[in-house]
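This is the structure I want to talk about, given as structure tokens.
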């Protein structure tokens, strides 16, 4: 396929890191907007009325652990342990799904409590920021699922470890973003 | 695809091409057409302003025209023309067979094209956006802009922004990773350097704009309040997001032009670039500082003395690396043997006129002085000096320089010089008087002005200049036609230039380099001149081709496969975009097509079999 | 072109009523002096750079028989020199700049200033004098020699307040109150205009600021603080009837009558104004008739609805509005 | 779950990092609920957030061992993004007063 590269880093891996660098600006802008508009709500409900910290702590923990599953999947595929690869890939995607489920529950709870997207500044900034993150998680889950399917089909093994590594980079970055969001949105109310 | 040296032809081969040179040609043609369209829009604007209180255009049409003129020039003429040069030149300059991700490259082109076509579909529908290229909130919210015009702006820029980010990613990886053996960073040609910097700028500048556009889309379509003062928000946030992007965007347009002249001036001076590392680092510095100056577009907003002082100071700093570049170009020419071929004329014209734009830029880096200049024709003069005297002259410089390489034919020098002198004259006649009309009290974006303000004569001169501009395209088009009919053959290296792209046939074969060259210095084709003592056996002046080590067998040529999927993916995104005007069904269908395209793309083999 | 510049800066301000180069207040003078300083630095750099360029173009053009020139990689001292030189010039510009910022960009230094509220609306200006009880539109009077403290707000979209001979621009931002101050130093009528694109009629959102001798200003205040006078002649009285019977009253206020609309300009002392439709037309009976007859033709896009009026009604309205002095 | 995976040195490192991450998260939430720490809540939380960020980037994303190019790309993206967030918040008076 592709020959040696000038930096020694495979093209796709370099591309993923570049993409992540660009994503920093995307989330940075969303976070800046959220922070600027914090406390400028003119109509209720307000963040402290709704944010359920124990619940979010659990889903945060789930997402953090999915990152562990992800590195374990990479370690497994690198030593061509396909059984473990399947297990860890599957668990990563599953944990991602659980996180998304938690987010779905949270969103529908907010809407039910009278906070639809267009209700006030908090709802607009909160839903777009966490929704963008959630969309990234969802994309990651789909990506990991295709890797899992290909492993099950026997089309993915140690020769494709780079593919898993790149998906992992994306997944960890999405996790990092959540580390920031968890602190800024939920704990620094 | 077998390595035949020739291309397959026909529409299908263009729709599925992943070849960077063909994509470059498509970018160039489409970008040039948009340049002409936006030029006509500018000409119409000048016709309306030829005299006070004319009624050639009604105010709404005028507002639509200046919105389309600005938006088109920046996003659908300037950027694609820049990217056309990236595509054609960068892989050749770094000794690569293609870019890192050829299919992604094709995808970038198609979404850009669809973005432009989508924006212009608002013309026959008579719903052109009319909020200016900056689309300030709250004028662009549904209350004050109820029609679909602004939606065309938002959606077109969203979709073409995806292409821009993909392009930036592609070229960043290409330049970092695909350099020929021995081509270290400090051996890269200046144009490639600026392409690298600009790719990074695109990657970092477009996301804030994308976020702003999404907020605007949500405010317009889903009733959110991101820029609604009545809900406690601040409409000025849009300005921040826009200019956090918008100022680096200016450097996205100007730095490639700097890169082009940094390659052209040495060639036509027969001297290597003076102060190569300084020119490189000043480019890096301009890009970096470019992220810290956005508020200088907002000095009249009332952000307070501290903010204005900080951003005014940061803006002044940018003058230093810019000046350094200009001085190094002059030092390159100093003591040289200047050959004023058309490309060199445009390069010299850039140095001369960009200086004027740079100096007026320093004038409004001072916030108090800017309070009299911002939003007037003084600023219009400034940025046209920068964007025409800088970007457009730089792009024409590159056009005359690399045209023989791309087509194998020489353009006519006399017609080229006529083109240069007409556009040089036009630039100054059109835009120099605007310094005066601005300072004498003419605001921007006004479709008319009163008699008795003392603005009449300056406006009339500007309009005459615009006609000269239109006229300047005659020798260009004539030249193209003439060259197409009977242009003389160009040969490998018609200008005796120093960089790798001049080692191969003109036009280059689709695989570029039969063998990937090994590079051991800057300006590899000139090394017999630069260091005569290092001249080796068989080195001809101007013909020094870097060679493979004789003991190694040539590496196999592996070329990327043509593919439909980039086009399919882009069509899917276009459908989503059109659906964004109000059809959820179409959006979902577009999403489906996008997903199909994505999966098919992922599982299609990217590269063909080895061929020799 | 320098010649042109000198020509303009020496020309009489009367030929350029909206010029930033002819300051008539302390504030605008600060800006103009700063601009002059930067301008001459720029001219100096321009002459040096373009001079060297032209020299290089002529001196080093290729001549027949030339051999390849000596190759030069760079020169450290030169690089340092042309880094430091611009830096020093920028310092020379930055010092007066920062001094000016901290004078101009603060709120008014004068506690005795005359406060005027400016409300930008699509596409006209409302002026309110909270201490004097005056509301007027598109034309404000201020006394010579007293600092004017403007409080700028927007009723709809962004606008920018700009009277070049008196002060630099300041935007009117929904949800924010901005400030701008200046002390005029000569009597006159100063032209101003909205400088931030605000929609269809942005180009026709003009205004006049009239600087009066203090006595004249006092007279203007007394006249304008009073409610509208009752028209004397019959035609004007008929016009009042037309005004009160039509849609006019739902948007316009005439203090002292039952017309209390708030959407359009206050017309209580319309007859004393110099212009119609925010600076578009001179305030003459013929122009007023034209405006009432075809507002959309005079100022396309403006938000005053076309009211069906007979020629006689227009004549009567012109008489009435003209009587509101 | 295979035994070889458990004993693999990198696996132990990953698990250790994950344990620290989990502990930090628990600590963050605890700090949040301790009234006495309210005055210094923001710096404490930001430091712990940064620590978690760094752990994931360095170990899970292998930045620690992956060479300067990738570090530079990520660092520049993150730096400029952070700078712009901080600058915007400063312009909007979100620090102090």
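First chain written, first letter: the chains are A, B, C and D, and each begins at residue 1.
Simple rule for what comes next: a residue touches a chain if its C-beta (ideal position, glycine included) is under 8 Å from a C-beta of that chain, and two chains touch if they have at least 3 such contacts.
Computed from a prediction, not measured in an experiment: that's the story for all the values here.
K.L.:
What's the farthest chain from subunit D if centres are computed as the mean of the Cα atoms?
P.N.:
Max centre-to-centre separation from subunit D belongs to C.
K.L.:
When I count C-beta pairs in contact, which pair ends up with more: A-B or B-C?
P.N.:
Comparing A-B with B-C, the pair joined by more C-beta contacts is B-C.
K.L.:
Measure off the straight-line distance from the CA centroid of subunit A to the CA centroid of subunit B, and report it in whole Å.
P.N.:
So the centroids are 34 Å from each other.
K.L.:
Can you compute the centre-to-centre distance for subunit B and subunit D, using the mean CA position of each chain? Integer Å is fine.
P.N.:
38
K.L.:
For subunit C and subunit D, what's the span in angstrom between their mean Cα positions?
P.N.:
Each chain's C-alpha centroid was found; their separation is 52 Å.
K.L.:
Hunt down the residues of subunit A that sit against at least two other chains at once, touch-wise.
P.N.:
7, 9, 14, 18, 21-23, 25, 28-29, 36
K.L.:
What are the residues of subunit D that contact at least two other chains?
P.N.:
As it turns out, subunit D has residues touching two or more other chains at 69, 76-77, 80-81, 84, 88, 92.
K.L.:
Looking at which chains touch which, would you call it a line, ring, star, complete or other?
P.N.:
Per interface graph, the chains form some other shape.
K.L.:
Okay, in this complex, where on subunit B does subunit C touch?
P.N.:
58-60, 63, 131-132, 136, 138-139, 144, 229-230, 232-236, 269-272, 274-278, 300-302, 304-305, 308-309, 312-313, 316-317, 319-320, 323-324, 326-328, 330-331, 333-340, 348, 351-352, 355-356, 359-360, 362-363, 366-376, 432, 436, 439-450, 452-454, 529-530
K.L.:
List the residues on subunit A that touch subunit D in their complex, please.
P.N.:
7-9, 13-14, 17-18, 20-25, 27-29, 31-32, 35-36, 38, 53-54, 57, 60-61, 64-65, 67-68, 70-72, 75-76, 79, 81, 83-84, 87, 168-169, 172-173, 175-176, 179-180, 182-184, 187-188
K.L.:
Name, in rising order, each residue of subunit B that touches subunit D in their complex.
P.N.:
Within the complex, subunit B touches subunit D at residues 176, 200, 203-204, 208, 234, 240, 244, 291-292, 295, 303, 307.
K.L.:
For a test of understanding, state which residues of subunit D touch subunit B in their complex under the given definition.
P.N.:
Interface residues on subunit D, with respect to subunit B: 69, 76-77, 80-81, 83-84, 87-88, 91-92.
K.L.:
Taking the touch rule as given, give the residues of subunit C at its contact with subunit B in the complex, in rising order.
P.N.:
It is residues 1, 4-5, 8, 15-21, 28, 30-32, 34-35, 38-39, 41-42, 45-46, 49-50, 52-53, 56-57, 60-63, 66, 68-75, 78-79, 82-83, 86-87, 90, 93-94, 97-98, 100-102, 104-106, 122, 156-158, 160, 162, 164, 167-171, 173-176, 178-179, 191, 193-204, 206, 279, 300-301 of subunit C that touch subunit B.
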